[in-house]
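Two complexes follow with chain A in common, the first pairing it with chain B and the second with chain C.
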Partner chain A sequence: MPTFHLELCGEICPVPLLRTQKQMERLSSGDCLIIETEQTQAVRNIARWATKEGHQVEVEEVDNGLWQITLWKK
Partner chain B sequence: MKDQTAFPIPAGSKLRAKKKNQLPWFWLVLILALAAAWVLGTCNSRLVFFWAFGIVYGLVFQRSRFCPAAGVRDGFITRDFSNAQTLVLILLLTTIGYSVLQYWTWVHHCPIPGHLAPFGWTTAVGGLLFGVGMVLVGNCVLGALVRLGEGHAAQLLALTGIIFGSTLAAYLYSRPFFKLGVQAAVYLPCVLGWPLALGLQLAFLGAIYWWLKRQP
Partner chain C sequence: MADNPVEEITVGKTRKLGRWWESSWSLTRGALAVSALGIIFLAVTGAAVGISGGFAYWGASVLTFLGFHPADWLYFQERLPADLSLRAHSFLPYTVLLIGIITGSLLSSLLSSEFRIRTIKRPKMLAAALLGGFLMGVGARLAYGCNIGNLLGGIASLSLHGWVFAVFLILGTYLGVKLLLRYLM
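Up next is the complex of A and B:
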């Protein structure tokens, strides 16, 4: 299962969600995408979008104010 | 923007070490906030209330992760209406709250609060500039202050713009050209009466909320 990393720190909303959507289009079913962002709003946006699309989502605050969102493409 | 594509990494890898302890910073900020409250209290006791209210308001806003700018913007860009729903719900609640407050002051013959006056053509220009700025910066004024508090240094640029724009508007406010085309304010409770005005506004907002809820 290939795993990819997408660094989105410093990007303002809604750019993190748009870039995540673009990346997910390129991945195959079962691939894993790990996103890093410090935008609280982006965490909410991305998690909600991915859940709605049926992807598996895991969110972890890995550092103070830094989130790691792990998505597994359906 | 930085690199446009994601890069592959070994599966199961952790990208960050464990969190740093921020408790000492919390205590330091709390002591400074209390000291500031004490200094404000020596000038005017009402300032302590404003100070405490501002801190609590900011805390609630930050923890809620709600974004008014996203409420207006995301429906157009990503077809996500969840923030818009929250925004309309807030308007619904504040309509009821403000109506109670305004009715109470009206019954007691006090000046009605929140009675907005029309501004003229500059309202439309200001609205357009504010909207463009909001999308470029990624949030509204409240969001910019919260993000700055979270440590987003880039928001200092937004803060500079907020201070510059507000100062300029306060300076130009009384100039005649600022109020060209101004007509008397239409205050719905005066025209329709309180029950109908309140009912109409609640029905209008309720209809928008219902429509937003139905979006996929």
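Up next is the complex of A and C:
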């Protein structure tokens, strides 16, 4: 199960969500995407969008204000 | 996730109260809180909330201190006449509001353990942010208010100009997102 990384620290909304959506399009079902972001709202946007699309979502707060979102494409 | 209430882990008495400030408030709750503060500010000071005016006064008073004469500028003569010396009291409500908003935001991020120094990593993005910020500043003073002054202050105090501002704010944001998608992705 191939794992991809998306390093989005320093990117301002709405870039994280848009880049995530683009990257997810390129993945095949079952692939894993690990996203790193510092934007609070981006975490909520991405999690909400991914849940709506039916992907599996896991969010981990790695440090103060730094999140790692893991998405599994459905 | 974020929209669910924060799980209450009972570890000693303090946790039982729930870390209410850490859970993300719904839009409604946030709007009500902000509106209430705006109304209180209006009642206490007689002025609508706004922060770009405060920045303008402070910038001008710093310039005055440095020996320039912004008081002679048309802008300050016609629209915002004020004592522009550094020690002037005429813009005290704005100063309090400025400090309050910045402190409040800082407190909120510290309390929810989300405080972090975040830098812009791409030079293109940094340039765009600086240019955008500059344009926003000019726009705010042309409109005699930023989004706080015109929306929270203007619309909330039932002034029509707030709505005019809102329409153009939306149009401008739409344009901005188009530019972002095209040049900054």
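For this structure, a couple of remarks:
Criterion: the second predicted complex is superposed on the first by the 74 of 74 C-alpha atoms of A that agree within 3 Å, B and C clash if a C-alpha of one lies under 4 Å from a C-alpha of the other, contacts with A are read in each partner's own complex, and residues count from 1 in each chain.
We take it that a residue touches a chain if its C-beta (ideal position, glycine included) is under 8 Å from a C-beta of that chain, and two chains touch if they have at least 3 such contacts.
Values in this document were obtained by computation on a predicted structure and should not be read as measured data.
In the superposition on chain A, A:Ser28 makes contact with neither chain B nor chain C.
Look at A:Leu6: by the touch rule set out above, it reaches chain B but stays clear of chain C. Comparing chain C and chain B on the residues of chain A they touch gives the larger count to B.
Within the superposed three-chain model, A:Thr40 lies in touch with chain B and with chain C [touch as defined at top].
When the two complexes are overlaid on their common chain A, residue A:Val62 makes contact with chain B while staying clear of chain C. Of the two partner chains placed by superposition, chain B and chain C are both touched by A:Pro14. Within chain A, the residues touched by chain B in the first complex and by chain C in the second are 10-12, 14-15, 18-19, 38, 40, 43-44, 48, 63-66. Across the complex, chain C meets chain A through its residues 1-3, 24, 109, 113-116, 118-122, 125, 129, 177, 180-181, 184-185.
Chain B contributes residues 1-17, 19-20, 22, 62, 65, 67, 69-70, 73-74, 77-78, 80, 82, 137-139, 150-152, 154 to its touches with chain A in the complex. Per the touch definition, chain A reaches chain C in the complex via residues 9-12, 14-15, 18-19, 38-40, 43-44, 47-48, 51, 57, 59, 63-66. By the touch criterion stated above, chain A contacts chain B in their complex at residues 1-7, 10-15, 17-19, 21, 23, 26, 32-34, 36, 38, 40-41, 43-45, 48-49, 61-66, 68.
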